[in-house]
Each structure stands twice: as structure tokens, then as C-alpha cells.
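Labels for the chains are A, B, C and D, by order of writing; each one numbers its residues from 1.
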Amino acid sequence: MKRIYMDHAATTPTDVEVVKTMEPYFSLKYGNPNSIHFFGQEARETVEEAREKIAHLIEANSSEIVFTAGGTEADNYAIKGIAWANQKKGNHIITSKIEHHAVLHSCQFLEKQGFKVTYLPVDKYGLIDPEDVKKAITDKTILVTIMHANNEIGTIEPIKEIGKVVKDAGVYFHTDSVQTAGHIPIDVNDLGVDMLSMSGHKFYGPNGVGALYLRKRTRIVNLIDGGSQEKNRRAGTENVVGIVGMGKAAELAKERLTQGKEKGIVKLRDKLIQGIMNKIENVRLNGHPTKRLPGNANFCFEFIEGESMLLSLDMEGVAASSGSACTSGSLTASHVLLAIGLPPEIAHGSLRLTLGKDNSEEEVDYMIGILPGIIKKLRALSPFKENWEGLK
Amino acid sequence: MKRIYMDHAATTPTDVEVVKTMEPYFSLKYGNPNSIHFFGQEARETVEEAREKIAHLIEANSSEIVFTAGGTEADNYAIKGIAWANQKKGNHIITSKIEHHAVLHSCQFLEKQGFKVTYLPVDKYGLIDPEDVKKAITDKTILVTIMHANNEIGTIEPIKEIGKVVKDAGVYFHTDSVQTAGHIPIDVNDLGVDMLSMSGHKFYGPNGVGALYLRKRTRIVNLIDGGSQEKNRRAGTENVVGIVGMGKAAELAKERLTQGKEKGIVKLRDKLIQGIMNKIENVRLNGHPTKRLPGNANFCFEFIEGESMLLSLDMEGVAASSGSACTSGSLTASHVLLAIGLPPEIAHGSLRLTLGKDNSEEEVDYMIGILPGIIKKLRALSPFKENWEGLK
Amino acid sequence: MGMYSDKVMDHFKNPHNVGEIKDADGIGEVGNPVCGDIMKIYIKVKDDKIIDCKFKTFGCGAAIATSSMITEMVKGKDIDEALKISNKAVAEALGGLPPIKMHCSNLAADGLSKAIEDYKQKSKIKK
Amino acid sequence: MGMYSDKVMDHFKNPHNVGEIKDADGIGEVGNPVCGDIMKIYIKVKDDKIIDCKFKTFGCGAAIATSSMITEMVKGKDIDEALKISNKAVAEALGGLPPIKMHCSNLAADGLSKAIEDYKQKSKIKK
């Protein structure tokens, strides 16, 4: 069966060029970068080159990049590390209701350790109001952490505006850029952030590697203690292969962004959104119509549940995702969809299609072609439609 | 130049068979194991197979294996996680003076959070006395963490005996098996441990992946919060490629151990040790003569400093390591060599040669051949030898 | 491969007995839209024997497959026999369900019980 | 590739002026065996000009190379000129040192200063 992948927000295939770049580091150039012999120094050089490339992607200085095992670790490190290092100054953290669990659960961990956390609401598009951030800051606030773009509904937050507010208050500012790094242009100084999380596998790099941008002079305590790697900021033998791969992926992403390639994805996405909205009734687009990630399309289809859509799509060869409880392993619908004001029964009927650089127009057409039939078939099974309180 | 790698304790080349097993998961079978579509389920299955193989290597149940980003994370998770989860029961942790920094610095972090840590001494071979463990346990003790074998001097600790003492006291027991997993037979039930750390790149698997064996019903708090991966025990998109690779490496290691292949390495190691001890004066073997890792040889050469040996060896094509301050990036000599009672100036003159499965007898002979000349040349530069207080 | 057994997928692809029974003798509804699961089971009964059974379900693959399965298992059975069918038996008839689905989307037997209760209630009133 | 510049490695491979000067006019010792670095610099002086300089060093590559380098830099220089040589100048003459080595193994100029001081002390006594 021909398989179409429209789940790039979950993970991306590793670029074949990236794989080629990594290969020699498995069994030939396998040194530990901390070793002073030939093998080690060869690895060291490669790691530093990759660091440069990642810094370049976000217009940072390479000494401000710390490699981690992924986006989740970067988020945990930024949030817990700032909290532990600055607890004498204050115990208050500000975040939003629509953050990734890597951020939310890190905050909840800190609450158990005695910190206080404010979870800001969002509007119906999922946007956070910089004014709300301003109002929430107290003299106990030590950290604001707001995601750059939401992984489910694709909404891009006004980070630059929030950054100004946070800077005025003299508080540390972290953004989870896992969904934006490599996908839209980023300049850490323009955004005004002190920390920024990235994950290799979200932009055609390998999995198991990420990075935290850590602005010079940021007071932080380590999450992972041990050897003196990463200038004493993150212990553990460097994942040379992963780092090399993420570096190459950053280089390729920077090239695509310089060429404005993300605009092609936006076009395909808009075609997908229009096609689906035109052909299917009782459907809603989630997220902001324009302030959204290039590849993200997220819908709610009334009367039906997300997992059943995913199974049906999978049977037709299309890989997609949903915010339904069944697919998240939890019992409640996506916290993001609930935060934008959807009732649970609607939130369960969500479908996320995330396009990548290699999706074609034919694939989008195919999707627009098959979806109405699937929705119709599932709706025929549904006991709702009468006395439905969902949308409207 | 022909290059000889005798630094397998730092990192090992990834087995070519392992690399072959990983390759399809980069760009073809690239799903996120949490996705319910074809790509995701394909990845899920692979991850679970790898988990089985790793469990098999240490005679554990696969549900007790949690994947991490490496040995350091596994150590941090075990130590901090147990401390946080059991602080109502007590605040005392017991470890040894010769642990890896991943353990020592995790303990130091906890000391800053109010925990108390006992650092047990070792004898001249680096052995910890189970009696000392017993005496150190109080009613406040919640965790004992003692390494399975030391990474520098290769000494294998009496974990089974310590395990009995710890079990009698009803305390959690963790062992850092980063240097033993895949190198000597391990049975977690025989050892009597509740937790055991492993690292893929130390036994011909890839870097950036490790695992923590976590005995059922162990009360632990997460180190890395976020998604519900690894049954809510370790968040972050699974590093499928790394996990697959570590699984394959575990399978191959288990095969080698079943065939008793480590005995061949012991033979080579003993030849190396004898050759060097016979041909060079003022040299000392560090670590236990027999209770030591199959591949580990560690010496101190009087009057000279370790880094200069490494540079000289590297010029002759041999990759080795040392516990000298210069190579650790710190200012003091190896804490392990100091703990076994060596004076600093002797500890600075250490050389660690760690053999792997692919080192040949010719390579060992070559090493024995070149080392005396190198030592002689460096000693000619040394201002010591007169009024030397070092060994004896 | 796949999270569900082939039998589950068969029932999901081609669910049996979908629909409502206009003049049903009993209707059972279980689940909660907040959790993403609603099942409605309709039965037609003659001489305390179930002669027809249909369903409508809002829910995941397991919810749909278990609904479909029970409508098959129940036809022609006495209501007392039918009451003995457990959720577990439905899952077994489908070749098992993934662990996380065992307790959330496996409600069809409960739905059937409710439909039979409803039938008993109604027939009491009629008498 | 490598942690050290080619110049450092040249000096490490073939250190210049290794040894002691039996009848040295000044000897300087710096470093600390606890830190893994001891340098001993010997000078022979005539008319306040350094006519010979040798060293013995226990230490890492940088320690050995900087020792070797300074013995070259200093020969034929007036002692006042020689005193002006800084550790940094030695590192520069070697094409730089890795950052972590700048402050630990880069002591040769200090050793030389001590040797010159020793010479001055001794010559005072003689006078």
C-alpha cells in the first residue's frame, strides 16, 4: 500500500543526507569527545561544528547551546534548573494552559517541591495575551515559560511581545520551540528569550537528541549531574552521532528557510484546510487561521471520535493524529482543545494533519478525496446528531 | 597510520551489525511509537522487542526496563528519583568514594536539597566492605548506591554481598552497571538490586541511549517529566533508533557471554599487564589483581604525568586514557586513585588501557613493545626521581 | 502489527448490525461523551428471546468493535443467557483488546444489560 | 585536529634544552605535584645576559611545550628583557593553548622569573 505520512508534528523521517552525515560516527570515528587521543579529538571537532550549525539556525552564539537528549529534557532542564537556581529570589512561575506536557508536568513537579505556578488561559485561537503575562508577574516571579507554537493546533504565540514584558520585569523567559525550530525563522535576540528548547527529530534530524539555548549568564542548576561535558552544564558522554545529525538537520533547515521553502508548505496546508472545510459539514478548524505553523491543520468533526478516524485513515494508508483521549493514553480529551473552549465531546473528534517538506499536492488531493467518505461512514455509526449540544 | 583503540571504557565502536539493525528506523520506519497508525505501531513493536533483549541480558522482566538517554541519566534518575519519592521515610543515602561522577554529583545535588550522604571508603584495591555498608545504615537510610565495577581501575565490587545487607535493612539498592553490562554475566535477582544502570555505547551499542532496570513496585519520582512514554516513568519521544541499537547490542553481548568470550579478553589483558610490569620499573598496577573487568588494565608510572603519556601514545597510534587532572578537565587527580590511597603525584601518572572484543594479540604486543621507550623518554624530562616520595 | 487484533479490525471495518430499531423493546445507553465513549444498544425481544439487536456508537475502534461483536453474540439468545455475557467475554471473542482499552472502551455488555433491564421494565408496565 | 597546535606538538615531540645545568646561576621551580605540574628552569648568566637555559618538567603536553618554548625565547636575552616575557607571550609563541590550559599548565614564564630572581639573589650575596 502507498503510505502517506501527515504526522510530522509527532516525528519526522530523518533526512537521508543527515543519515549519511551520521554514518561514519558509529563504527569508524567513534571516539569519546572527552578523550585527548585522535579518536576523541576527531569527535570533539565534529560536535563543535554541529553546535555552530544549531546556533546559526536560531541566531545564537554557539557557546550558548547545550545538547540534551531531546525537547522534553530541554524543557525539564530549563524549568527545573531555573527554579532550583533562583529559589532564593522567588518561587513563582508563569506558564500557559496549552503547553506541552513536558512543560506542564515539570511545573507540577515543582509545585510539589513548594513552587507556585500560574497557568494562563488562552483565547479561542489558542493565543496568549501579553497583557495577561504582565498582570501575572509578581515580585516572586522567577520564570515565564510560554511555548513558541502549539504542537496540536499550530498557533504561533506572540513571543516577541511577551519577551518585552518579561524583560521589563527582569524575569527569566523560556520558550518551547520544539515545533518551530527548523520550521519558521527564529532569532533568539529578536524574540528576547533567555532559553529556548529544540528537538532534533522534529525537523528531519535523528531522535534522542535536542538542545537548550541558554543565554550567557543565565543562572541555572543542572538537571543531569555527572561528568564535565557541555561545559559542566549537562553530564553524560556526548551523543556524537545524534549531535552530528541534529547539526546537519539544522544546516539543511536553515537553507530551506533562507530559500523561503516553508511558504510552499503553507500553500499546501491552506489547500488541505480549504478542501476539507468545503467538502465536509459540521467541521471546525482549530487554531489561528493565519498565525499557525506552516504544516499544521487541525479540525474537529462533530459526532465522531478521533481514534476511529485515525484507524480508518490508516486503513487507507494515511498517518495522522488526534487529541482524543484514546490516543493520548489518558482519559480526558486534549487539554489544549479544552483550553480553547471546546466541549469534551467535540474535542474527542479532533484530527491533526501535519504536513512536511516532502508531502506532495497529490497527497493532499488524495486526503481531501478520501476524508468525506470516512467521516460519513463513521457518522452513520454515531448515536448523536439528535440533541447534539456540541458546536454551533 | 594504523590506529589501535585501547579506550573501550570511554566508549566502544558501534558494532556494524548493530548499525545495520538501526538503519531502517531513520528514514523508512520512522514512526513515533505513541502514534496509533502503521508507522507508529511498527516502531512500538520494535521498541518492545529491544526491551525484551535488554531485560534478557540482565535476567530481568521487560516491564522493569526503562529507557533513558544514557548511563548518566539512569544514575541521576535512580538516585534523585528514590530520594524525592522516599523523603518522608528518611533523608540518608549511602554510596562510595569511588563512584562515577554521575553518582557522586547526583548525591551532591541532593545534599544541597537537604539530604545526608555517607561516602564509604575503599581498600587499596578499591573494594568496598559490605560490613561498612551495614554499619552505615541508619533508620533514616533510604538508598544505597554502589557501583558494580569501577570505570577507572576495573575493580568489581561485592554487589551480591552488599545486596544481602541492604535487603536485610529494607532499603533500596542501586548499582551503576555501566561498565559491567554486556561485559560480565549479570542477574539482577542474584545480585539483589532494585535498580541497575546501563549505557548502550559501553557495549558496542549506540551512544545517547541507556536503560534503568527498575524492580517492580519501586517507589520513584520521575527525573524527566512530560508525556506518558515508558509507562509514565520517563517522558520524551522514544529514541527508537537508539533503543533498537541498544537492544541488538544486548543480544550480541548475551551471545558472547553465553559463549564465554570475555575469557579471551581476560587472557589478553593479563598478557598486557604482565608484559608492562615485567618491562618497566617503578610501575604499579591499580585495582584488584583478579576481581577486575575483563578488559581493564590500569597502571601508575612514577615520575611522569598521564597526559604526556597519552599524547606520546597517540603519536604512535594508540588511544588510551588517564586519571590525571589534565585529562579530566579538573584540577585534582582522579578521586578514585586518591581513594585507594595513592599520593596525588602518583595518581597523575596513571594510564588506563581498556581492551575490547576486537583487540588482537598483535596489538597487545605492539603496546608492550612501544611503552617502555615512551616512559623512558618522558622520565628523562622529569625533575623528580631524586627525593621522590611517591611510591614505595 | 497494529494495536488491535485482526478480529477487532474486521468488526471495525465492517461493523455488524449498525443502526437503530425503531420499535425496540429495550434500549441501553452507556458511556460518557466526556470520556469519548457512548454506546446505544437496541434489542427486539420475542418470548424472552432476543430476535434482533442493533447499535450506534460514538467512540474509538474498541468501542465500535465491541458493540458490533455483542450484537452478533446475542442474537437468538434468551435474555437470561444474554445477561451472562460479560465485557471480558466480548473482549475474548474479539481475540483480546489492548490493556488500556480493557477498562474504558469495553462497555458493550453493560449496554446490553441496560437494554435488557429496559425491556424488563417496559414489559412489566405493559402487563 | 588535536587539542594542541602543531607548534605545541613539535615542542612536545622534540623538546629543546631538556636537562639540568649543573653549575646554574639561577634555578626556578614552579607548580605543584598535587596539580600534576612541576617545572624547573635552570639558567646560566653572563653579564646579565642569559647564555644558557634548560628545563625539567613533570606535567602535561602544555607544561612540557611551554617549558621548551621559553628556553628558546630566552637565550641571549638580557635578564630584564627576559623578565618581561609573560606566560601569555609563551602561549602565543606556541600558536595558542587550549583554554583550560591557559591557567594551569602555562607557568614557564613564572619559572623563568623565579630563576632570574634566584640568580639576582645569589649574585647579591656573591657581591
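Structural remarks
Here is the rule we use: a contact is a pair of C-beta atoms (placed from the backbone, for glycine too) under 8 Å apart; a residue touches a chain by one contact, two chains touch by 3 or more.
Predicted model only: the values in this text are computed from it and were never measured.
Between the interfaces A-C and B-C, more contacting C-beta pairs are found at A-C. Taking the mean of the C-alpha atoms as each chain's centre, chain B and chain D sit 40 Å apart.
Measuring from the averaged C-alpha position of chain A to that of chain D gives a distance of 55 Å.
Along chain C, no residue makes contact with two or more other chains. In chain A, the residues that reach two or more other chains under the touch definition are 36, 38, 307, 311, 329.
Taken together, the chains touch in the following pairs: A-B, A-C, A-D, B-C, B-D. Against chain D, in their complex, chain B makes its touches with residues 303-308, 311, 315, 324-326, 329, 331-333, 344-345, 348, 380-384. By the touch criterion stated above, chain B contacts chain A in their complex at residues 3, 5, 7, 10-16, 18-19, 23, 26-28, 30-32, 34-40, 68-73, 75-76, 100-103, 105-106, 108-109, 199, 201, 206-209, 221-228, 235-242, 307, 310-311, 313-314, 317-321, 327-330. Within the complex formed with chain D, the chain A residues making contact are 36, 38, 41-42, 44-45.
Listing the residues of chain D that touch chain A in their complex gives 1-3. Every residue of chain C that touches chain A in the complex is listed here, in rising order: 4, 9, 12-13, 15, 18, 29, 33-40, 56-64, 100-101, 104-105.
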